[in-house]
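The next block holds one structure in the form of structure tokens; read it before the comments.
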Amino acid sequence: MDAFFEWFKWLYDDTGINLPFLYDSYDRGRMIDGFFMTIKLSVLCLFFSIIIGMIGAWLQASPLKWTRRFVGGYIQLFRNTPPLVQLYFFYFAIGTMLPKVSNGFGGEEPMLGGFAWAVVSLSFFAGAFNVEIFRSGIEAVPNSTIEAAKALGFSRLQIYKDITLPLAFRVVLPALANNLVNLVKTTTLAYAIAVPEMLYEANQIWSDNVNVTEMMIFMLLVYFVLVGALVWVMNRWERSMKIPGYGA
Amino acid sequence: MAWSEDQPMVSIKNLHKSFGALEVIKGVSLDVMKGEVICIIGPSGSGKSTIIRCVNALNDMQKGSILVEGQEVNDPDLNKLELRKKVGMVFQQYNLFPHKTALENIMMAPLLVLKQDKAEVEELARQLVKKVRLEGKENNYPGELSGGQQQRVAIARSLAMTPDVMLFDEVTAALDPETVNEVLVTIKELAEDGMTCILVTHEMGFAREVADHIYFTDKGVIVEHGRPATFFDDAKDPRTKEFLSQIL
Amino acid sequence: MKNSKYKTDLPVMLSPKTATAGRFNLSLKPWHGLLLLGICVLSSTAAYTADDTANAPPFEVLLRWMPLLLKGFVFNLVISVSAMGIGTLVGAALGLGQISLHGSVRKTSWFVTQFFRNSPWLVLLFFAMFLLPFEIKVGGFTIPLPDWLKAIFGLSLPVMANVSEIVRGAIASLPSGQWEAADSLAFSRTQVLWRIILPQCVKRMLPPWMNLYSILTMATVLASIVGVSEVMTLTGQALSAEDGRTDLLMPFYSFILFLFFIYCYPIARWTVYLEQKFAVKT
């Protein structure tokens, strides 16, 4: 392994191609931390955005007009405004209004840090799309199938949980996969509020080493691979969820 | 009021049902005794299906009364689950749950709705598979079965709830001609076992063979009813005569 | 047997509607936008009463800065239109490359498309900002490349990749019978493409293209991260010029949200309208 790292040192000395995160253990640590921060951010946002999507789709089927309007307003608001401004709004505007908490060293710090706000903001952003996606899936489940479940005495919740959701989920998987891929790409916005995710750490490294070109190309490659891997997993999942004679 | 077996199992009195301004049922009354098989026939759009859909509360009604084993269906506080445990229903489009295998389709309601023990339910389900002659197809998904096979799974699925009455809503109408018979045989065997059945059907020969009583509906009212032999050979009403002359 | 007219299959899924289509009309009315502005105003006054210093009321401050912010927003729109134009031209060519008969052209176009489609917009923006020179020399002339121009190039990269996919998808969605019919009439491939295939594709491409434009417009604020003086940058400057008063944050950011909303929401509505209109016809 050391020889592997050393080779990049030679590469730098010989050709000027500087990849410090491969031969310098400090930069390597930063890069790895950034990578895992991006993963952590993505996974949390994926999770919460799907929860928001499911609850939103459920609420949109509500008989109450104002509940539906509220969800509709939420969707349109988050879909038609820049996610970066949403993030700033959460982090700066709302974040500063929250009470400060003592940090145990006699000082005070904000109740929620940048990372938490990034999760909140990006989850609501992606969640707005997920609501629409889930709703279209629920509408695609034939009413007659629901009726059959009713005739068998299923309760409303049982129908939603055991019939509607599993069927709707299969229909929406492609659209959902697409949105999740977008979400992973959108996590780079956390850079703007100094959450130390991958792009942020890369920036730190290129500031210290003046190797923007190398870092930039490396970033593009990493995201290409990361997103490619997610697409691959989602495709596999789609195929494994396929049931004979159902769906496209 | 306690219900006893000498009273009608299903008693419909002066049923009225409209969809918006369109009145489809204009005062229908009929009684079904335990173990009886009755067939409702009539031209398309005469409201036959609506009648039986009212029996298990899939449709609500505007006026009138339906008693199922003495329990009033036209009641805002009706416990639909209790009703639907007593009344099984099979649909024209089978409406199997496409994401569950044949056996799982049959087992689902007893497990979820009646919370029965899984081993017992599975044993019952396997017996029912045998009864509808689908051994070997237990683990196939609905998409892999023919229409006739799916419809027999649907019958078994209803039977798994051990209902007292079975409703059949044009169950052979969507089937290929060559598979109609296998479904009719299953229903006939069920009738011979003493199951109370209400059928809406276009199969005149079958109605004549299995029914205890035939009801002919047109434009939302019962025009004529009687024993099969008298009904088919000695119809009184001109509308019945015209219908029979067209269909036979 | 009278029943043959009932010969249907099992109830297969109704085709899922696109995520944007559907119950759109009940979800939001123009007054929701006004509501947003209302929240913006109310929050400012609410924050003001909570803060009893002798400062000017937040809404007054916002009003003072509004002309500058609006100018910044117009700059965002200029960036979005330029990036869309460049991205569409290059992307259309790339999309046609994806259906080229030359294997190498096809594969290269595919790879370029995928590569830029899978990359985060912000990374592509950095890519353009840092890797393009600040001026280029053509012959004896020196053409300067200011930051905003680089930002336009940076944002047109993902647009290009997405347009390429839209073009490829629209062409692939046409029934192959169209190609065969045209081929049988001895049209050349170029003729088939320009006279028969592409005119039919325009309708299919328009809704996703507009959707992309909307996304691009919202992405123009990313340029603030790399220092282009668009609306977000100006907002930041305005806020620091006001000594970082925290009661100003809410009204200012609400105002930016509001600006984008009133611009992007009609586009979204129109997109859905076109989607539904074309869906019926095809």
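To keep things simple, chains are lettered A, B and C as they appear, and every chain counts its residues starting from 1.
Everything below uses one rule, namely that a residue touches a chain if its C-beta (ideal position, glycine included) is under 8 Å from a C-beta of that chain, and two chains touch if they have at least 3 such contacts.
This structure is a prediction, so every number in the text was calculated from the model and none was measured.
Student: Please name the chain that ends up farthest from chain A once chain centres are defined by their CA atoms averaged.
Tutor: Ranked by distance of C-alpha centres from chain A, the top chain is B.
Student: Which chain is in the middle, if each chain's centre is the mean of its C-alpha atoms?
Tutor: Most central by this criterion: A.
Student: Express in whole angstrom the distance between the two chain centres, defined as the mean CA positions of chain A and chain B.
Tutor: A distance of 49 Å separates the two centres.
Student: Using mean CA coordinates as chain centres, what's the gap between chain A and chain C in Å?
Tutor: 19
Student: How many angstrom lie between the CA centroids of chain B and chain C, rounded to a whole number?
Tutor: 54
Student: Identify all positions of chain B at which a residue touches two or more other chains, and write them in rising order.
Tutor: Chain B, residues with two or more chain partners: 93, 95-96, 98, 142-143.
Student: What are the residue numbers in chain A that touch two or more other chains?
Tutor: Only 142, 144-145, 167, 245-246 qualify.
Student: At least two other chains touched by the same residue of chain C: list those residues.
Tutor: 10-11
Student: Given the complex with chain C, which residues does chain A contribute to the contact?
Tutor: Within the complex, chain A touches chain C at residues 60, 68-69, 71-73, 75-77, 79-86, 88-89, 92-94, 96-97, 129, 132-133, 135-137, 139-142, 144-145, 167, 171-172, 175, 181, 185-189, 191-192, 199, 203, 206, 212-213, 216, 219-220, 223-224, 227-228, 231, 245-248.
Student: Please name which positions on chain A make contact with chain B in the complex.
Tutor: That would be residues 142, 144-145, 147-155, 158, 162-163, 166-167, 170, 243-246 of chain A.
Student: Quick check: in the complex, which residue numbers of chain B touch chain A?
Tutor: 56, 58, 80-81, 84-85, 87-89, 91, 93, 95-99, 108-109, 112-113, 140-144, 154, 157-158, 161
Student: Where on chain C is chain A touching in the complex?
Tutor: The contact residues of chain C facing chain A are 10-23, 26-28, 32, 35-36, 47, 114-115, 118-124, 126-127, 130-131, 214, 218-222, 224-225, 232, 246, 249-250, 253-254, 256-257, 260-261, 264-265, 268.
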